[in-house]
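Structure incoming, see below.
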Amino acid sequence: MTGTELPTNWGRWGDDDQLGTLRLIDAAAKERAAAEVRDARHVSLARRVRPVPLTTGLGPVGSPAVMPAGVLQIVNFNGVKPVAMTDTLVVNTHNAALTHLDAVAHMPVDEHVYPGVPVHAAVTPTGVTHGSADAFGEGIVTRGVLLDLVPGGSLPADMRVADTDLDAALERAGTTLSAGDAVAVRGGWDTNQPLDQPVPGLDLSAVRWLNEHGVSVYLGDIGDARPAQLPLPLHQVALARLGLPLVDAADLEALAQLCEVSGRWSFMLVLAPPRITGATGLLVNPIAVF
Amino acid sequence: MTGTELPTNWGRWGDDDQLGTLRLIDAAAKERAAAEVRDARHVSLARRVRPVPLTTGLGPVGSPAVMPAGVLQIVNFNGVKPVAMTDTLVVNTHNAALTHLDAVAHMPVDEHVYPGVPVHAAVTPTGVTHGSADAFGEGIVTRGVLLDLVPGGSLPADMRVADTDLDAALERAGTTLSAGDAVAVRGGWDTNQPLDQPVPGLDLSAVRWLNEHGVSVYLGDIGDARPAQLPLPLHQVALARLGLPLVDAADLEALAQLCEVSGRWSFMLVLAPPRITGATGLLVNPIAVF
Amino acid sequence: MTGTELPTNWGRWGDDDQLGTLRLIDAAAKERAAAEVRDARHVSLARRVRPVPLTTGLGPVGSPAVMPAGVLQIVNFNGVKPVAMTDTLVVNTHNAALTHLDAVAHMPVDEHVYPGVPVHAAVTPTGVTHGSADAFGEGIVTRGVLLDLVPGGSLPADMRVADTDLDAALERAGTTLSAGDAVAVRGGWDTNQPLDQPVPGLDLSAVRWLNEHGVSVYLGDIGDARPAQLPLPLHQVALARLGLPLVDAADLEALAQLCEVSGRWSFMLVLAPPRITGATGLLVNPIAVF
Amino acid sequence: MTGTELPTNWGRWGDDDQLGTLRLIDAAAKERAAAEVRDARHVSLARRVRPVPLTTGLGPVGSPAVMPAGVLQIVNFNGVKPVAMTDTLVVNTHNAALTHLDAVAHMPVDEHVYPGVPVHAAVTPTGVTHGSADAFGEGIVTRGVLLDLVPGGSLPADMRVADTDLDAALERAGTTLSAGDAVAVRGGWDTNQPLDQPVPGLDLSAVRWLNEHGVSVYLGDIGDARPAQLPLPLHQVALARLGLPLVDAADLEALAQLCEVSGRWSFMLVLAPPRITGATGLLVNPIAVF
């Protein structure tokens, strides 16, 4: 991996920047977002997840589950006549069944995370000190565009999505992209598959395209392909080098349908993960508002 | 507690309804929400929470913390030269330091939850089967209004907020409420205080006011007062009887400032908790978009 | 269930006793235990349990597991060049795959636990205040006898073990029992089966036999039968009414072999669960010393 | 750190040995252990630990606790009229408040664990594959000797315990050590102190002494001193190079008293941690039987 050839934002916004391409969301991008809102119809871009019971407390044999689970749950005992019912959730954020935002601390390259901080200085046993999900704390509101690579269908498993494929999808969307916009890339896939199964994904030309268009956030129901090509275009180049936050494992089916119905492929995107600091990423329920 | 005297929506939308007052958010409410969006400036209404390390793995004595913590964190070992850094979060949703949405299953009255389902049928050791946070899965987008009870200040600890106080705040906001709108009620308080400390809160007349105005969602930096008056106006009447979802422990300081700056106290409210099913509530980062 | 007909120790050692039949282990019982030790050969009576990974942190799909698991594990990140490797274990003590000691607070009858304490006074959301595993903190050392109900084989699934079966096994063991001794009852079963599968177990006459012989602790690879007969002889009579601690889900195969080899069916039994207070039970690795 | 000068057992029992000095517990050692048992009086050598509630589920502010805690607890909801009460425990084994056994995988030197296995091959994100607590699964039964360095008192904080100190304590004990015996070393300390507080500990000559006497297991209320001298004599030499399992954070006060009363300082030691595989260590309740 030759750093000089790969696109990078290391140093672009200083040596200790934690916002990355979120800095591209300026007043003009916000105004474009506002202009997309007509009747406030909205749709969720998140996968639904059912927690796995961490305990029933009783009985010999429970249900088969695929472990590690994304979310586990313990319902709490609050007394014999409880005033309230509560539960405790255990969250493995980066599980592939969960729609989540990756913070830049999630992904080192050459033992450094964006924008060049040694991983040992960024991530400690007691939490992330640089490049954490803090960057998402205020929420993210910007214009989003759906790039549907295969309307009504799904990509072949061995597809490597290139810049030209993104161009074609953008043309189908009948709109343009400006710096600070987000993209939602639909391949028609559930990529939560066994590791030895091939899944389509973006290639490096596509990530260069994201960079050239000033994309602020990437959402996708596809991400990096398997078998992997290194460096991983999205995780090791877009996230790690461009500081471009990724929403992994989005579910874009309902969005695609609403785009079809409404005849437009752009919207206001709202990302509002829980305001938890010091994490490597956070669950998110992306909302597209029309 | 005589059910006939308290406002109730039990039965209003059927015997197994799980949406409650979210049903009031109709197309007209959505259009009002859309009309609030001008330049997409936004603000988070969530408290920031720093996880407590669940383990450092080493050393004899750690840091003092107030337990139970809202969120605990374990940073995961991913190998000696990790491809990625990850962590596991443990979330006690209803902790008073966390901004969260209460599902109706959270709060039984007379051993039933909204709209009259026995709590033993609604909440099981393996999760919530009726009245869970599933209701929030699509996200909530509606018009919101800030009712600032004490602009620039904070309520006295023994204040019981009445319907007339809400009227006055609404008049100060210079707007009106229609059925399906949400309210954000600011008392200028951090109510995450020891249980024996008094905190202000809404009284029953205020909850009747919410009902009469068709409020769909309540957010507040104040909630039910302490010492408690029973039934708890918000948790045992609004949530349990009206099926009116509550956002507990909001932080409304930044919102109040933005309202002052922008000269309006209404906005589009977006609630997008993680799309986790079967829970008694969920963390949320409410976003107000202007 | 008529309390007068069932054997009970409620009140025998006071109204707030927490030791139950452990009080039967007197100096004479200890001396009998000591007399069993010849060459200190020993054997474990515990099932081996492999933790289920709570997270790998990476990858889309893990391994199938039966959930809830008995023990889950997270390996901790301790820095890039760790001084030490550590892990966090999550333990669901009463899982049927785990050899564990039941404390009396585990099992209420008529909403009371041994010796008649209301369950709401014994178990609180923050731990057990009466009848907890504290009783086991000092460790338990007494004489043990293996009652092998079916040497070299396994009981039929519909077997209900009666007092006469225990008599026969004791006679085969060629020894006698005195008050304070423990018994290890072998049925040749792995009872960690789906709940709808029948498993053999003790009937009420067998529990009366335990009571009449002054048994201090019960270990078994069988326990209460399925389909259940109520009251559950071991859990609702022996544990709940006699205050007789149970070791559930023991593995007695190695013990049975060592007994055959050594030609004696009695030994010193050592039970030494972690010294954790306030729990409803604890994992234990029972050791038989010869 | 020059390996040639430090005592080592790497290679002594093969390149993939996992038992280390437990191999020294031969039939003769067992017979010595048996000979110590007279009346089966016993004492626990474990610290008592009260779990920290992981959640109460309710209320704004809990109790102050020092985090990370050794053991956390969630009491489980098992239904409105529960058949049984259960709880889930979360265990940070190596917490300094917990009496626990260190497996050799716990402690790498030069990125290798005993007996020379690369740490990345021994410890994986899904558990320990070499040098785990599996070695303790059968339980450990051997002769133990109390080496009381300061009868009735406590060592000065800056004390570095040398071979001659162990000689003196052994002489006071009025007995000798043979290969395979365990030692319990009492300094009269609670070493669960803030990291910047000095605590006494063994020096390298003491570890050489352990090696020369063929000690199979080390228990102590003291361990490695603070400020640390490198290599840590017990953790980086005894455990990592000799494969000598350590019981950290023992409580030896009751043992010392029983030794005084009974007039002898030797006993049968039983170590029986839960039979959990793949862990870096396990809680243990060591029992001394007289």
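Per-chain residue numbering starts at 1, and chain names A, B, C and D are given in the order in which the chains are listed.
In the analysis below, a residue touches a chain if its C-beta (ideal position, glycine included) is under 8 Å from a C-beta of that chain, and two chains touch if they have at least 3 such contacts.
Treat the numbers as computed from the prediction; the structure is a model and nothing was measured.
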Given that chain C and chain D are copies and touch, would you call their interface same or different according to whether over half of its residue numbers are shared?
same
Taking each chain's centre as the mean of its CA atoms, chain A sits from chain C at a distance in Å of 48
Centre-of-Cα separation between chain D and chain C, whole angstrom
26
Distance between chain centroids, defined by C-alpha means - chain B, chain C (Å)
45
Which residue numbers or ranges of chain C touch two or more of the other chains?
53-58, 75-78, 81, 83-88, 90, 92, 94, 111, 119, 123-125
Overall pattern in which the protein chains touch one another (line/ring/star/complete/other):
complete
Chain D residues within the chain A interface of the complex:
54-58, 74-78, 83-88
Touching residues (chain side chain D, partner chain C) in the complex:
27, 30-31, 33-34, 37-44, 46-51, 53, 55-58, 71, 73, 75, 81-94, 99, 105-108, 111, 113, 119, 122-128, 137-139, 141-142, 235, 268, 270-281, 283-287, 289
Note: in the complex, chain D contacts chain B through residues 52-69, 72, 76-81, 90, 92, 94-97, 111, 119-120, 123-125, 191-195
